[in-house]
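Note that the chains are named A, B and C in the order they appear, and that numbering of residues resets to 1 at the start of each chain.
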Amino acid sequence: MFRNNYDNDSVTFSPQGRIFQVEYAQEAVKQGSVVVGIVSKTHAVLAALKRNAEELSSYQKKIIPIDTHYGIALAGLASDARVLSNFMKQQSLASRLTYDRPIPLSEITSRIGDRAQTNTQHYGKRPYGVGLLIAGVDQKGPHLFEFQPSGVTQEMVACGIGARSQMARTYLERNLDEFEGSSREELIKHALRALKDSLAQDKELTIENTSLGVAGVDENFKMYEGQEIANWLETTFERPEGGEGEGMEVDS
Amino acid sequence: MNHLPQAWGRPRDDIYGAYDHSYLPQTHANTHPTTHTQSPVVTGTSVLGLKFKDGVVLAADNLASYGSLARFTDVKRLKPFNRKAVVGFGGDVSDMQYLDRLLNSLDVQENYSGAATTEEDDGEAPAATADGEGGEDKHKAILDAKNLHTYLSKVLYKRRSDFNPLWNAILVAGLTTPPPPAPSTSTSSPKDTTTSKPTGPAPSRKPIPYLAYADLLGTTYSSPTLATGFGAHLAVPIMRRAVPDEAAAAKLSREEAVEIVKKCMKVLFYRDARSMNEYSLCVIDGKGVDLQENIKLEGESWAFAEGIKGYGTQTV
Amino acid sequence: MTSIGTGYDLSNSVFSPDGRNFQVEYAVKAVENGGTAIGIRCKDGVVLGLEKLVSSKLLKKDANKRISTVDRNMGVVYSGLQPDGKHFVSRARDEASSWRSTYKAPIPVSSLANRMGSYVQAYTLYNSVRPFGITAIIGGYDAETELSVDGAVGSGPKSGSGGKTKGAKEGGPYLYMIEPSGTYWGYYGAASGKGRQAAKSELEKLKLDPKDGECISLEEGVKEAARIIYVAHEDNKDKDFELELTWVSSVAGPTKGRHEEVPKALREEAEKLAKKSMEGDEDDEEEEKMEE
């Protein structure tokens, strides 16, 4: 049943010094639908592709606002993300209560990193099966952090995780130099384009399957869904009918 | 009848026989009730605080009294936390030491990322790098006076709720960054997304003076003029004469503020029997913390006492 | 004896018939894959250096610091698994803080090394945990000047000896390295991670042993550390890296007794010299070839 003797649990090193259970947990992240995050000098943006189980079901939750100054996007096991997000909400409130200070993003990221690490060193626990992008603004400005099941946390300028996210990352790497100076709207467009690049050929971004989260200096984190993002989709991806875009809108 | 506290609420031994503790959990059997500090032991007297246009002045004398005995005369009661916050302690000195250690460990914690902090983020960067007048706050990420006051007031309130108070009244002085003018969630409605309006860097907010009080009960309040202990009765009226409100504080210069506080320290030395004529004075502004710990009272004269009748051995 | 297939290497805390704990040896393998970390104990302080491999272009530059401060006067750098390292650092901070609350003074480097050695060793004892996948280098400066007790309010008695030995010298720069087994030694120069062999042979060329006379200064140490990291990176040239450098000196020295990042100007100078010396080496090699 097992591929080898060393992948039964997360407390066994392989002869090469790898921990297979942790690596398998990383695979769970790749099963989740793609999420993208970017920061500029003034803003942090998250964009996510939502899946629905079937035609008539609702779409999954991919972006979770945590505190007024930041939120997360997840790829992988949503229930693990819920545990982590509840923990993050508690910690964020504790910081506001104790110090009257919005929790620094580096701090909260490192706390969930430490929690995830424990799961990789003790028998009877399993690593979290979810990857997170943590985006928002604190006293030091806008930030984007990536969290992995191994407990690795890194501050990024831009990042994409989840199924087919390599395509998104390729887009991000190609446009890396533009992000820092981007305006709020430009940044949102970059995030949507990166998201689009990782879609399968026959898929489109629609107001149903796309979520956005935006935070800025002096702008609280807010999630945008449904009709709220129609314009952004419209202006980012000028449809083949391009020129008659205006006319199309009248029709609907 | 036994009036000792451990007998309160229990059947009288002389009528019912000795109380049978055997049914109680082991931790409670045959023990006295838990007691905590019921009164302070070695104490410091008043702390004064006064806001001025770009900072705060704080003062406290260097005396620690054991009852009415002037026990220690070199006790420094103003504790700088970082370049934005100073705490002045009145009340029990050992509890002050406890709080000082607590703040010390908080400071170590805050600077864990210190090895990783760039010079401009360091809470204790040399004053030379700080530009007091510059609009941008280079130290915006450190715990400021308001954060520290919130923290200390929670510590004090927790301890009083445990019936184990830290017997202090404290002033926290320094700077804080005001919150954004209006908490806006979205600056652009979906409609105007077509007009891609560039959002420039946020208007950097300048830190403003901050002064607040907290005590052993967890009580907190704030005012441009504050004092703990006797100073609340003797010094606050004098300070209020010069600074009745925030608007007046916003016009006060540093020199004027120091002058007023020095005058109050003199009045306190004359009238407060648990005070001394050597004190610490601290000014916190955009340039950082300026702490002097051995100021001697100037122009001390007891001539006015000649006119006071009705005390001690005088027979009129 | 080979480890694989015998079954003795499948669980921590199990000895093989020839007395080895294979899981610990495998943890060492995890370290050997990590970027090179070094520590140099100089005359007047300690330098810590790290070859931080950059896994993605999307990482924020100069963020993600890996060398951590444990107490004001002490730092830790590690090779191996980042999350394990963070756990180690977090425990070290707890130890330093609890030491302070007991003794009202900062923990000596030797005591921290001892406590962390015990902690890491405990993770080799049970089959319910795995060993740490890191080798950590701890560098710090124990104050030579008399420190006031934390929270002291007065200056103490103005006369009398106070139980002190006159002329006794204590404190100074210290450096320790802790391995996944919990083993630790004091070092003049320590290296771990992928390029440790190259780094070690470079460290051995430096004047670090006080028995050989005056040791190198802190500033020289910084430049050597940068150079050695560049040398150690030679074997791993296909990957990009960022150089991370921190230092700690006495209260009288440039860091005022604190563990801090090496100032940008000095780091850039050290990095420039390091690059230059690498080019120099290549030129030499080419020249040698020419001569051949």
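In this section, contacts are C-beta pairs under 8 Å (C-beta built on N, C-alpha and C of every residue); 3 or more make two chains touch, one makes a residue touch a chain.
Bear in mind that the values here come from a model prediction, so they are computed numbers and not experimental data.
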### Message
What's the contact topology between the chains, one of line, ring, star, complete, other?
### Response
complete
### Task
Return the chain label for which the distance between chain Cα mean and whole-protein Cα mean is smallest.
C
### Message
Measuring centre to centre with CA averages, how many angstrom lie between subunit B and subunit C?
### Response
40
### Query
Roughly how far is subunit A from subunit B, going centre to centre by Cα mean, in whole Å?
43
### Message
I'd like the Å distance between the centres of subunit A and subunit C, where a centre is the mean of that chain's Cα atoms.
### Response
34
### Summary
Expected list for subunit B, residues touching two or more other chains, is 113
#### Entry: Complex contacts: residues of subunit C adjacent to subunit B
65, 67-72, 75, 93, 96-97, 100-101, 104, 150-155, 246, 258-261, 263-264
### Complex contact set, residues of subunit B against subunit C
64, 72, 74-77, 93, 96-98, 100-101, 104-105, 108-109, 111-119
## Note on the structure
Given the complex, residues on subunit C that touch subunit A span 3-4, 9-12, 22-23, 26-33, 56-60, 63-64, 81-84, 86-87, 90, 123, 127-131, 133
### Message
Under the definition above, what is the set of subunit B residues touching subunit A in their complex?
### Response
113, 121, 140-141, 143, 146-148, 150-151, 154, 177, 180, 183-188, 190-191, 193-194, 196-203
### Message
Show me the residue ranges of subunit A that touch subunit B in the complex, using the header's touch definition.
### Response
41-43, 68, 97-101, 104, 106, 138-140, 183-186, 188, 214, 216-220, 222, 224, 227-232, 235
